[in-house]
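Next, two complexes with subunit A in common: one pairs it with subunit B, the other with subunit C.
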Partner chain A sequence: MGDATLGKGRPAPLLARWPRKALSLVVTVAVTLLGLLFVTFMIGRVMPIDPVLAVIGERATQAQYEAAYQALGLDRPLLVQFFSYVGEVLQGDFGRSLRTGQPVAQDIARVFPATLELATLGTLIGVSIGVPLGVLAAVYRGSWIDQIARILGLVGYSMPIFWLGLMGLLLFYGILGWVSGPGRLGVFYQGLVPTRTGLLLVDSAIAGDWTVFRDAFSHIILPASILGYFSLAYISRMTRSFMLEQLSSEYVTTARVKGLSEWHVVWRHAFRNISVQLITVIALSYANLLEGSVLTEIIFAWPGLGNYITTSLLANDMNAVLGGTVVIGTIFVCLNILSDILYRVFDPRAK
Partner chain B sequence: MTSLPTPTTWRAWLTADAPASRRQARAASLYQGWQRLRANRLTMLGLAVLALLVLAAIFAPLLAPYSPYAQSLGDRLLPPGSEGHLLGTDSLGRDILSRLLFGARISLYIVLLVVLVAPVLGLLVGTIAGYAGGIVDTVLMRVTDIFLAFPRLILALAFVSALGAGIENAVLAISLTAWPPYARIARAETLTFRGADFIHAVRLQGAGPVRIVTRHIWPLCVPSLVIRVTLDMAGIILTAAGLGFLGLGARPPSPEWGAMISGGSDYLLDSWWVATIPGLAIFAVSLAFNLIGDGLRDVLDPKDSGQ
Partner chain C sequence: MSNLLDVEDLSVTFPTRSGEFEAVRGISFSLGRERLGIVGESGSGKSMTGRAVLGLIRPPGRVTATRMTMNGEDLRAASPRRMRAIRGKHISMIMQDPKYSLNPVMTVGRQITEALRTHEKVSQREAKARAIEMLDAVAIREPERVMRLYPHEVSGGMGQRIMIAMMLIPNPEILIADEPTSALDVSVQLQVLEIMDKLVRDRGMGLIFISHDLTLVSGFCDRVAVMYAGRIVEVCDAGRLHEAQHPYTRGLLNSVPDLEHPRDRLEALKRDPDWRSAPSVSALL
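Now for the complex of A and B:
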């Protein structure tokens, strides 16, 4: 349909097919998110905690119970209840947390920056070590560096993350004293810098308060390194296998025959060709870290979303748990789809 | 396939150039696979660790010096190597070695249950979608994609919170989040076989869809599912341990390894062994499963191998 206007002499197959593709993408995202909401809604329905009793308490009379039952809309058909739930979530209303007494959305907005900061730094660490390691492992295949990459990956896939966190605390905090203990900031530094982004490293840097920055850094570096290690295990393994595929293709042989230096062949030719695949892998690993930080946040008493969900869970605070699940699930779905789009848009072979 | 006590006869039968029966041909190909698996030392190491785990689980009551629940507050937090307590004691004076041995039972139990539930669920969904096609396929695969797009640990947490803590509920929660990849594999396999001549032949003989799927398609899906399940076992163990650590898996007195780490984390800086030792056990077992999975993949599916 858009061919005449968008095509203009130059072949533009991607743009021409864009409206239909965009539409199908929007439908995919919408259906997936609706499915996510349906699952959390059903979980909220089957749980053994009676939502009415949670509101009015155990000692209410039968009449009060009936009234609350109707006020909460539980007498309506399930499908109607579901759509009113979807409507509320779309307006950013996850209900009120029983534990904190605040609206869940407000709670999540407060704790989310802590998780974001941790996962971002973790991904940065994972990428900055994992990518070069994967490339070197592929180039010097079978050498000691390849073995190290393999062992790091294997150990990373087999290690319970919460246990590694505890061991890190034991060694670097308890024995060596190189880093600060659990929490985001020492007691003496709290509230010293104004909250702008909620990311302590960024806020303290903007305020120019380097003592706070240093304290925040010594708190975040250990949990971020632990998360970074798990993303390193994944990223280096994927990088290695992408690079191996490129290095065995004929254009690389041609480039070598032409007499190009090995450095030039590896980085300017082969590495450039894996960059799109690599970006999708990094996006996926970022999504995984946002989720995987749940256990790490518990170990390090990190006041983030994972900690919020787990604490609410143990307090039977369902609104908070489901709200947190929806938020993480939405981010997860969006990053998944984003990496898919990146792949399709930037990799000509995917057409 | 055990080792070869009488190599002259068995080996000759297994390595014959021209197998005389279908059974012999199948045994010979299994034997060749086993030979290749045996050449991989790391895989053998993994199998050895797994064998140790199974033995520990079976003979836990004989091997354990104490009851895993017996408290003795006078002997609390004894370091490893103390008299009578090889691996020390925890904060309630319970012997860590005994709890570790009984905990092996729980870990195996969880893995076995998940392996019995998740792939079967995936197999059902995948083969029905692949064989029926059309709208059924679209709907089932959409549902699969939705589950695949979910964060697994968070979803398992939400499920456990709805169902209540406990081993069986943890298993159910892990299974409910683990089946989508199996459904995809089973569907892909079904699609390749659906139009095959032998399926047409069976249909002409009068077999209905249920018989075709259960008797002719399922057996063909099993090998690729087995590889995937082996590779997933480490993940299952880690997720179960994570749930146990959060207090959402096995209930407190039970010697589940993740829960043991959780119990030791309060005493981490003074009594490192309480949290460290069960963690080492989890690490060893999931490493073993990963090594076996890698080895199996190298043998059964060489094109994807890491080497």
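Now for the complex of A and C:
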């Protein structure tokens, strides 16, 4: 639809091309997701874990074993098993978790909002500081602000997250007491607001319960800041190099010749030209936080997806691991497509 | 009447790993309401001269001059704020390749109206009307439609005419054209030049035309300054270029093929190291 508004000059051919583009997009996504399912399924099957034993326990008789083996459908050819798995996944059925005894889909629906909330806040922090910092570092290249950005970036790249997380807890929770400790919410506040989105900040805001909001915020702010710091390190470095490239281009000189202020030259001219590249970087970094916050979630006892998958893996609960992996992979693919679509909307040349 | 521009002993230096590099080495020139051509090979300092006048040499580059005045106003003492007011409003510049010098993600219309609204308090509607008028003046058909296009949707010749419209809309007195036709097809070069020439004449502006094309400059300008290695080696009236004395100018002229008097062999330019150290010739009026 964005195409149609951009191509004011000649809308007809663009409109005519649109359904074909959408169709090819759908096919691409379907093939990618099928490949993802295939890989995760095969990894699940070659793991040295006997799914039958995991279900019936080690003391079962041979006859019980045979029965369970057939009931799980493991006697069928691998390809048949795969397609029946695909069929089940398409209906939202990831099987039942051995550890929690509940359908994996239900488990994920419960834990995913915690990860989403953490990663979203982390990305917001990373973008809102990282982008301006990168722009300033490029504009005042070689100055003290560039050096600070460089050091922040270097530390962010090289510091292990678990160490930073533990030190953060020690300082801000243990010594200073500015923030709350591990978990999403203090025990007194649990279950006070109805679950609508699963995002505690949003739910408590909807319910208008600001004491719960404040408690949830004081729990999330430290892990989110630490994740945000890592995305800041990446985003600010990328922003800086994109901006340096743009600032040395001719149209920036043109803008200066016109007598525009530096603020205008930097933000209205140069920055607009990097917004497309930035979208990709931010989407990648967001996807990274969604899938890669396992260590943070464990240190902060955050009941999120990363924590769920890790615990399930250690408990030999393959259904849960596969389900979680598929969800994360799907998110990754979707974010990539989203950045691709935004690319077309923001860049008039990408038609 | 005073000159539009007076520049004395202008130098532009850049620090490099192997010491200072002097791109422009103490040149002097003035500009009246005329068309002054600056000719020279790549790296002779002609573009840097134009940029220095506009205050566009950015640190660590350094500009020094004993005098640099526009309509009697000292440009060396002008604050950054005053320089911004001068750029666009009094002195403007057209660059080489519209493919790179127009912002790729902004519509043509916005880029033109922005140039106007930076210097004049006018409504969006009036700015748009004047931009369309200006596009019409540079012979662009269907200006309303072109206003909505992005730079990649117009041809090179059209892009350069848009650039002219954009740079002339705040009515500057001085236009610096830095190789304005080098990136264009030969077939549209003349058309663009004619449009620029007509507008500059009609508005009584001063033009500094920077080019490496000696024949083009001599046919188009009133005076020609020939630059070599950061200095002006010769100044003469464009009409008397064939009487030029300096061996470098003569060499350049001799290396141009002539359709009516074809020669079997074009002479290659022999550079004399003495040219480099010879004092700069003044192009003051």
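We adopt the following convention: the second predicted complex is superposed on the first by the 322 of 351 C-alpha atoms of A that agree within 3 Å, B and C clash if a C-alpha of one lies under 4 Å from a C-alpha of the other, contacts with A are read in each partner's own complex, and residues count from 1 in each chain.
One rule holds for everything that comes next: a contact is a pair of C-beta atoms (placed from the backbone, for glycine too) under 8 Å apart; a residue touches a chain by one contact, two chains touch by 3 or more.
The model shown is predicted, which means the values in this text are computed figures rather than measured ones.
**Q** If we overlay the two complexes on their shared chain A, which of subunit B and subunit C does A:61 touch? Say first, second, both or neither.
**A** Neither partner.
**Q** With both structures fitted on chain A, tell me whether subunit B or subunit C touches more of subunit A's residues.
**A** Of subunit B and subunit C, more residues of subunit A lie in contact with B.
**Q** In the overlay, answer first, second, both or neither for which of subunit B and subunit C A:313 touches.
**A** first
**Q** Touching A:91 in the superposition: subunit B (first), subunit C (second), both, neither?
**A** neither
**Q** If I apply the document's touch criterion, which positions on subunit A are contacted by subunit B in one structure and by subunit C in the other?
**A** In the superposed arrangement, which is not itself an observed complex, subunit A uses no residue for both subunit B and subunit C.
**Q** How about subunit B: which of its residues touch subunit A in the complex?
**A** 142-143, 145-147, 149-155, 157-159, 161-164, 234, 238, 241-242, 245-248, 258, 261, 265, 268-269, 272, 275-276, 279, 282-283, 286-287, 289-291, 306
**Q** Okay, in this complex, where on subunit A does subunit B touch?
**A** Checking each residue of subunit A against subunit B gives 31-32, 35-36, 39-40, 43-44, 46-48, 150, 154-155, 157-163, 166-167, 169-170, 174, 237, 241, 287-288, 290-292, 294-295, 298-299, 309-310, 313-314, 316, 318, 321-322, 324-325, 328-329, 332-333, 336.
**Q** Contact residues on subunit C for subunit A in the complex?
**A** On the subunit C side, the touching residues are 54, 56, 84-89, 92-93, 95-97, 100-106, 114-115, 118-119, 145, 148-150, 152-153, 163, 166-167, 170.
**Q** List the residues on subunit A that touch subunit C in their complex, please.
**A** My answer: residues 8-9, 249-251, 253-261, 269, 272-273, 346-349.
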